[in-house]
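Each of the next two complexes has subunit A plus one other chain: subunit B in the first, subunit C in the second.
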Partner chain A sequence: MDPHLALQLIIQGILLGGIYGLIALGLSLIFGVMGVINFAHGQMMVMAMYVSYWLFILLSLDPYLSLVGAAAAVFVLGYLIQATVVNRILDYPEAMQVLPLVAMGLILENMALLFWGPDHRSPQTALSLQTLWVGPVMIDVSRLIAFVLAIAITILIFIFLKKTNIGKCIRAAADNRTGAILVGIDVDRIYNTSFALGAATTGAAGVLLLPLMPLSPHMGHDFTLTAFIVVILGGMGNLIGALVGGLILGLAESVATLFLPATLKQVVSFSLLVVIMLFRPQGLFGGKK
Partner chain B sequence: MSKIRMTDDRMDRRTFLKVTGAAGLGVTVSAWGVPKLLRAEPAPIKIGSVQPATGPLAVIGQGQRRGNQMAVDYINSRGGIQSLGGAKLELLLGDSESKAEVGRSEADRLIQEGAVMLIGAFQSGVSMAIATLAEQRQVPFVMDVAALDDITQKGYQHVFRLFPTVSVFGETGVAYVKQIITEKKVEPQRAVVTNTGDPFGKSQGENFIKWFEKSGLPIEIVDHITYPLGIHDLSAEVAKIKAAKPDLLFPVCRPGDSIILTRELHKQRVPLMGIISPGSPGWYEPKVIQDLDKLVYYVMDNVPWVYPASPVYQEANKLFQEKYGTYLDTNSGYAYAGILVSADALNRAASTKTAALLQALRETDFKDHPMVGKAVQFKENGDNINAATAMVQVLPDPDPNRRVKVVLPKEFAEADYVFPAKQLWERE
Partner chain C sequence: MTRRHVFFAAVLLVLLALPLFLDKYALGIFVMIFFYAYVGQSWNVLTGYTGHISLGHALYIGIGAYATTFLAQTFGITPWIGMLVGGIAAVLIALFLGFLGFRFGIRGVYFVIMTIAFAEITRLIVSHVEALGSFSGIFVDFNPSFWNFQFRGNLPYYYISLGFMLASLVAVHLIEISKLGRFMVAIREDEEAAQALGVDTFRCNMFAIAISAFMTSLAGAFYANYIYYLHPNSLFGMALSIELILRPIVGGLGTLFGPVIGSFILTPLSEISRAYFSKGGLEGLHLILYGILAILVVLFMPKGIIVYVKRALHPILGTTNAE
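Here is the complex of A and B:
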């Protein structure tokens, strides 16, 4: 086996895994706080990508500069979805919670189709073709930036949850909803904020992906699934788990190319999922219930 | 009235009531001032179009729909189907979502809604499913685009295809490659073939390799990489391509993955003499040309192509540009031609009955289409005898809409081809 090729694949896998982790972080946060699985997750990410795309086309604003703006837009979207839809379904059986969120995903996807059409859009940004070379091994600059920012955002979310007042309220509401209500936390508002925060992180991840892959209305679904696998891998509701799960999945998918045809990529990720479910159903970092 | 035949020349009470009732109703309706209903122009003839309008191929699917619809509008603006009293065509829309089972149920729905012919379906897998349905339901199915040989190898009576088959692609593609390396006196040693994992991609890739090996060209295919349709990342695959050290790359793509592939080839600095597609979308679509810009220059693609010098093309293309802002490409061109051929058959059949339509389709000899190639004529199995491919190349031109040029065969060529091409990262 070619050692350069293996090294190349490992680096690419880890870098992409960081972004997977960030996408999954939002999903895990939402699940951890409210016990709801956001099936519109990937579609929300795509919305942020379109916002960023628009800012790039209309104002020539590089995606890295519009990151905050696009994430903020999806923050608002997430806040509204939680306030209007998700808060009403929290006490429903799980199977019934799935449907409104799947529906929300379809609505977002078709809105994107309506507004932007079905084309694959992939404008060339300033850094989208930049590379660094370490000997014969190539490091894709936009992938590296995405990885670094993804890790940075993850750390920021941690600090936010540990140190700030709202963060503490979120953790309180996640731990014990009734208790949180009793000590005077406006749990509905905290839920809105948590969902919005989860949406914003996935939005940020989407923007980081923009220089790397063509944008189309239908790509959201794949990423919902990826995030779902990562979250189960790391442990539902566990934020460290999301990051590590992302890295593992990215690495596994990339390195598997050495041994398996690329058509079996999804087999790799789902096999990983099945193995984890068999031997550690609570996920790698999940505690016992 | 001639249908009311009395058994004993005497009108019985029931028939009398029916006839007078109907006549009375007619008079009443006329009296209400809607006589148009009674002297109505012939009912529209419905053609069911199933295309991948949403899903991973939505870009192309929408283009296909537009091609179908524009041809319908064109026929209608010329007074509809003359032999059927100027009946207008009506396009019923179905969306396969790129899935065979959805395509089949959509086709079924359109038949139930009254479609007398079907057209579609861009993907071979979906077309196969619809072909089987068309055979069961005895509705003629004209495939505008679909390349897999198998579809017409099953002895179906109701299935026709304008597009070249995968075999035609393979044979002519390899012949063009041979011509290019002979004319340019280059000696590539190694090549890699990549394709998407759907039926079209797989058969296109495998078939090209088959013809390639049969041709005795002194080039070794050192790797064959298949990846799923709608993939978001090709960095690992391109790393493998680089490790195989090819001189030539033969990719079978779609608009999404062609962009990722080319950028990744640039980033990983994969040196190549040229990129020659055995025949696939992903290289000539306006959005791809715009987004890849210089990176897509000099890519060659062995595809059925429009014939820009033909008046039919010029007229259709003008309308298409006015209406949708992009040019009529191979696929939408075939979608357009498919409806013209169907309308021609309807006109000669002077009927919407299946038997007459089949007869008319088999006798098709249709010259006035916008594509490279001779008149459309169907073989016994439904394939178009004169379906052909051209080699096109993306060449520098200030106007992005004029960058795709026919370079081979010489008699249709608009420009000379450039080969070997400058490396992707050396272009200014």
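Here is the complex of A and C:
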């Protein structure tokens, strides 16, 4: 085995893993606060990617500049989804919670298809083909930037949850819904904000992915599944676990391409998922169930 | 003979005589109505009655379709036998999935994700097997004869798919009134309580998933010899898994006639709007409407449209005892 190639794949995997972590952070936040699994997660991410793509084509705004705008658009989308649908199903049995969100994913996916057509699109941004050589290892500049920004956004989310008033309300509502209501927190609105924040996080991750892979309406559910795997690796609702799980999954998928065709790398991640669910359902970093 | 029997006999007669008045296109729509009612019923056995949600049921359709076609094209084995082989393969995979899920206590959302994972793993593996056509799929040879399960025109398919649907109704009715069926509903309502009362929940869950997988895989054999083209993404993909659960949900989950009612409402809607919208360049719009409909049903009629149908038919049927 070529050690340079292996090193290359390890670095690429870790860089991609940071973005996986950010996607999963949103999912984990939504689960942690409301106990709902967002089956439309990847599809929301794709929406942000199309917004960013649009801004790039229409105003030639670089994706890194439109990141905030695209994330804000998905923030609003997430807020509306929570306010109109998810708040009504929180007390449903788990079975009935799954279906509306699956349907929501179906709606978003086909809205993307309707508005932007089935073609694969790869915007040629200023940095998309630039590379950097560190010794024998080649690094895509856009991948490196994506990783750094993903980590930065993750840290920002942590600070937001720890330091701001809204962040504290979110943690209070996650911890004890009744208690939060008793001390006067408008829990419905906090839920809306939490879902919106989770959506915006995945939206930002999507924009970071935009220079790295072709965009198509049907790519969303792959990322929903990726986010599930990461979150189960790290433990449902565990935010640091999401980040570490992302790094592990990125690494596993990348290194798997040494032994398997790239199109089979997801078999590795799904198998990892099943094994983790069987033996450590609380996640690698969770405490006792 | 009660009024119910007369009513069902009349409906059956209408369905049997209907092809006399239908053209090829309308026949095709009815084939899809019966097909999706059958598949929805098969899924309903697991999810509707025991409450374990599967979002990977396309897996069993794919296995049925691929097994039947592979055996027919490679060894010349008739689909009538091939579909049983596919059914057994589906049951084995379902039992493996069920064993992991029910033995290790993987429940709720985790179970859903595991069913998706199994379907996706199978899709990716089939996409890489040369003998199964890998990414490009398999075109099924067309040699019409009863032996080959292939026919000219839609008429034979109409009666076969109708037969499938009726057989599934009888089968699920028999399950419903059996001890197993009662246990399954008990599991759905409260698994721990059922266990505490002495129900062997593991065994019942395994039976439910096996029956459901077997029934679903037969639909795959039908699909292969009706559509004549197998593609791993469309047969094992999540889109089909989602498509096939919408009808029983809209119709009424965990009821005998829910999947049938759902299919009679959604399938014509989907076939007609698909044709209508894609002509205007609006492909995907029918799935958006579907999604909205599914959400509205879950929010405002969580028991399904069957409640309203029952109310409307009350003067004819009288009170129903199979609640």
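Quick note on the criterion: the second predicted complex is superposed on the first by the 286 of 289 C-alpha atoms of A that agree within 3 Å, B and C clash if a C-alpha of one lies under 4 Å from a C-alpha of the other, contacts with A are read in each partner's own complex, and residues count from 1 in each chain.
What we mean here is this: a contact is a pair of C-beta atoms (placed from the backbone, for glycine too) under 8 Å apart; a residue touches a chain by one contact, two chains touch by 3 or more.
It should be emphasised that the depicted structure is a prediction, and the values quoted were computed from it without experimental measurement.
J.: Have a look at subunit B and subunit C on subunit A after the superposition and call it: clash or fit.
T.: clash
J.: Classify the contacts of A:P281 with the two partner chains as first (subunit B alone), second (subunit C alone), both, or neither.
T.: A:P281 sits against subunit C, while subunit B stays out of touch.
J.: A:T131 in the overlay: touching subunit B, subunit C, both, or neither? Say first, second, both or neither.
T.: first
J.: If we overlay the two complexes on their shared chain A, which of subunit B and subunit C does A:L80 touch? Say first, second, both or neither.
T.: Once the two structures are laid over each other on A, A:L80 reaches no partner at all.
J.: Thinking of the overlay built on chain A, is A:R121 touched by subunit B (first), by subunit C (second), by both, or by neither?
T.: The first partner, subunit B, only.
J.: Which partner does A:I166 reach: the first (subunit B), the second (subunit C), both, or neither?
T.: neither
J.: So, does A:L113 touch the first partner subunit B, the second partner subunit C, both, or neither?
T.: both
J.: Touching A:T257 in the superposition: subunit B (first), subunit C (second), both, neither?
T.: Once the two structures are laid over each other on A, A:T257 reaches subunit B alone.
J.: Applying the document's definition of touch, where does A:V98 land relative to subunit B and subunit C: first, second, both, or neither?
T.: second
J.: Once the shared chain is lined up, is A:Q266 touching subunit B (first), subunit C (second), both, or neither of them?
T.: Both partners, subunit B and subunit C.
J.: Just name the clashing stretch of subunit B against subunit C, choosing from 134-142, 188-196, 260-268 or 350-358.
T.: The answer is stretch 134-142.
J.: Can you list the residues of subunit A that touch subunit B in one structure and subunit C in the other?
T.: The overlap between the subunit B and subunit C interfaces on subunit A comprises residues 113, 118, 217, 261, 263, 266.
J.: Applying the document's contact rule, which stretches of subunit A touch subunit B when the two form their complex?
T.: 2, 4-5, 8-9, 12-13, 16, 113, 117-124, 128-129, 131, 138, 140, 143, 212-214, 216-219, 222, 253-254, 257-258, 261-263, 265-266
J.: Using the touch definition up top, name the residues of subunit B that touch subunit A in the complex.
T.: So the residues of subunit B touching subunit A come out as 53-56, 58-59, 61-62, 197, 225-228, 230-233, 235-237, 239-240, 242-243, 255-256, 259-260, 263, 266-269, 287-288, 291-293, 425.
J.: Under the definition above, what is the set of subunit C residues touching subunit A in their complex?
T.: Against subunit A, the touching part of subunit C is residues 47, 51, 53, 55, 100, 104-106, 108-110, 112-114, 116-118, 120-121, 124-125, 127-128, 238, 242, 245-246, 249, 253, 282-285, 287-288, 290-292, 294-295, 298-299, 302.
J.: What residues of subunit A sit close enough to touch subunit C in their complex?
T.: Residues 37, 85, 88-89, 92-96, 98-100, 102-104, 106-107, 109-111, 113-114, 118, 217, 221, 225, 228, 232, 261, 263-264, 266-267, 270-271, 273-274, 277-278, 281 of subunit A touch subunit C in their complex.
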